[in-house]
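Next up, some structures in structure tokens.
Across the two complexes that follow, chain A remains constant while its partner is chain B and subsequently chain C.
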Partner chain A sequence: MNAMVELGPEDSGCRSAPPVLTVQVEKDMEALVQRFLARKRGDLDRLRGALATDDFETMRRIGHDLKGSGEAFGFPELSGFGAEIERAATSSNGHALREQLTAVEQFLSHLRVTFR
Partner chain B sequence: MHLSQPSVLVAEDNEDIRELVSHQLRRMGVEVMVAEDGRRALDLALATRPTLVLMDMDMPVMSGFDAVAALRAQGYTGQIYALTAYQDGPEADRALASGCDALLGKPIRSDRLRSRVAQALGRSSEVPAV
Partner chain C sequence: MDPVTLKNPEAKPSAPVQPVAPAPATSMRVALVEDDLSQAELLSHWLELAGHRCHQFDRGEELIRALDQESFDVVVLDWNLPDMSGVDVLKRIRSSRQASVPIVFVTARNREDDVVTALRQGADDYMVKPVRRLELLARLETLARRGKHRVEQPEVLEVGVYRVDTQTRTVTRNERAVDLTAKDFDLSVLFLRNIGRLLSRGHIRESVWGPNAVVTSRTLDTHVSRIRNKLGLTPEHGWRLAAVYRYGYRLEQLDGPQPRPTQPVV
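Then we have the complex of A and B:
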């Protein structure tokens, strides 16, 4: 998949605004990518639930799947988060899992995808 | 049921990857079937005899390794490509030993996927992967 990534201020008039990650993907992929991102936002809820119950196997599986799919959809950062989640879940490291959950939340909240 | 036109079975438990691969193959005009675990893949492949099977090796219910071995044991002679992050080492060797013809690396790259599938189906119109 061809993707173009730009990192810049969300609002050039506001210096404190968080950066926005803009990813441009092919128009043909729009529905697919939208479904993918919706599922990833759903995974955040599943991760929160699994963290609350120390369900490390569920977290490991979510991380594994994210590692395998993020880059394929044009989001290598998500694959990186997925690898970290899988690793942290395998070692039952709740602290690292919370950090990664926050990182994924921030990434998705700052992500802007355009289609060409 | 035997399909008369080239067809590909995508066996992959990751819904995202299953959708992505299926989408790319349909863009090529290929008939696509999907399975979300090794057992389902085995049953579907034996019933439909696809031209090519793309098999994730790490799946629930029945692993890709076991599904491929069972397919070969039951006379499936079509091509099987292992979908795996391991391009060499024990996991790659095990995939080939179980009966896979080749490895298709993860993460999936759409251009490489289409090129390899086109090769497997005997097509030459797809642009080769760089």
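Then we have the complex of A and C:
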């Protein structure tokens, strides 16, 4: 999939605004990408729940799926987060998992997808 | 900052995407075993855009059950499934009536020993996620080309006394044209391209009538019977177009013409 990624201020007139990551995806992928991102937002809730109960196996599975699918949808960063989550969950590293959870939350909240 | 706007994100998937450039001659019937819904949708989308027909299964057992009645040109298999591992699915396929179907692992497991295990257990190829669209399609087409079922089909096929020209849509037997309807022609081509291969009724129906056609078993049987007679696909001519109970048909080329069965003396 061809995706254009651009990182910069959301509004050029407001330099203090947090950066926005813009990803451009082909129009025919719009529905698929929207469903994918919605599911990944849902996975964040599952991750939080699993983290609260030290359910490392659930976290490992979520990380594994994210690792396998993020880049294919045009978001290689998500694949990277997924790999880190899987690794941290495999070694039961709660601290690293919290860091990765925060990183994914930030990524998704700063993400803007446009379709061409 | 505005978050990404999601328009009805939990909406049902849209209708299957029409292939950009339908290519029936290169169309494969693909079984996709993948429990990650997003991944399954994406791979299915890619396959359908390329003109292939994709059947999704999110459990290994679902595919195993389907193989009792269905045949596929290739199986795309994830390793981590909710009910069993992909390797277990692979072993079950290899002991089924579809034992020779090409199988490609598509998994996020990237350890060398995983790759080796899958290949040694009989996988034909192994791809590590995230996969790339064109590479996936190329690998699947390569596998199908290597198998008995050639995906990229020549325009003229010559098998024994039969000559099939897919350009003019004609079949000759011993250099004499055989009068066939359009569907009978498609059915003849399907069998002659898949000699020795057991094809399920669903596979035949989808290949000849299309994925959305409603075709009764009786209609299918009638067409098969007709091409059996018109093409002489019978033991006395060195062929057998055999029905497999509750499954489908297989065209077999016999060692030579077989004697016509004698009528029982009453």
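Note that in this section the second predicted complex is superposed on the first by the 116 of 116 C-alpha atoms of A that agree within 3 Å, B and C clash if a C-alpha of one lies under 4 Å from a C-alpha of the other, contacts with A are read in each partner's own complex, and residues count from 1 in each chain.
Assume contacts are C-beta pairs under 8 Å (C-beta built on N, C-alpha and C of every residue); 3 or more make two chains touch, one makes a residue touch a chain.
Since this is a predicted model, take the numbers as computed values, not measurements.
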item	value
Superposed partners chain B and chain C on chain A - clash or fit	clash
Partner chain in contact with A:113 - chain B first, chain C second, else both or neither	second
Touching partner for A:79 - first (chain B), second (chain C), both, neither	both
Partner chain in contact with A:87 - chain B first, chain C second, else both or neither	neither
A:98 touches, of chain B and chain C: first, second, both or neither?	neither
Chain B versus chain C, judged by how many residues of chain A each one touches	C
First, second, both or neither for A:20, with chain B first and chain C second	second
Which of chain B and chain C A:36 touches, first, second, both or neither	both
Partner chain in contact with A:28 - chain B first, chain C second, else both or neither	both
Touching partner for A:46 - first (chain B), second (chain C), both, neither	neither
First (chain B), second (chain C), both or neither touched by A:68	both
Clash with chain B (superposed arrangement) - responsible stretch of chain C out of 199-207, 217-225 or 235-243	199-207
Set of chain A residues, in rising order, touched by both chain B and chain C	1, 28-29, 32, 35-36, 39, 65, 68-73, 79
Interfacial residue positions of chain A with respect to chain B in the complex	1, 28-29, 32, 35-36, 39, 65, 68-73, 79
Contact set on chain A toward chain C in their complex	1, 10, 17-18, 20, 28-29, 31-32, 34-40, 61, 64-65, 67-73, 76, 79, 108-113
In the complex, chain C residues that touch chain A	1-4, 6-7, 9-11, 13-14, 17, 36-39, 41-42, 45, 49, 80, 107-108, 129-133
For the chain B and chain A complex, residues of the former touching the latter	14-17, 19-20, 23, 27, 85, 106-110
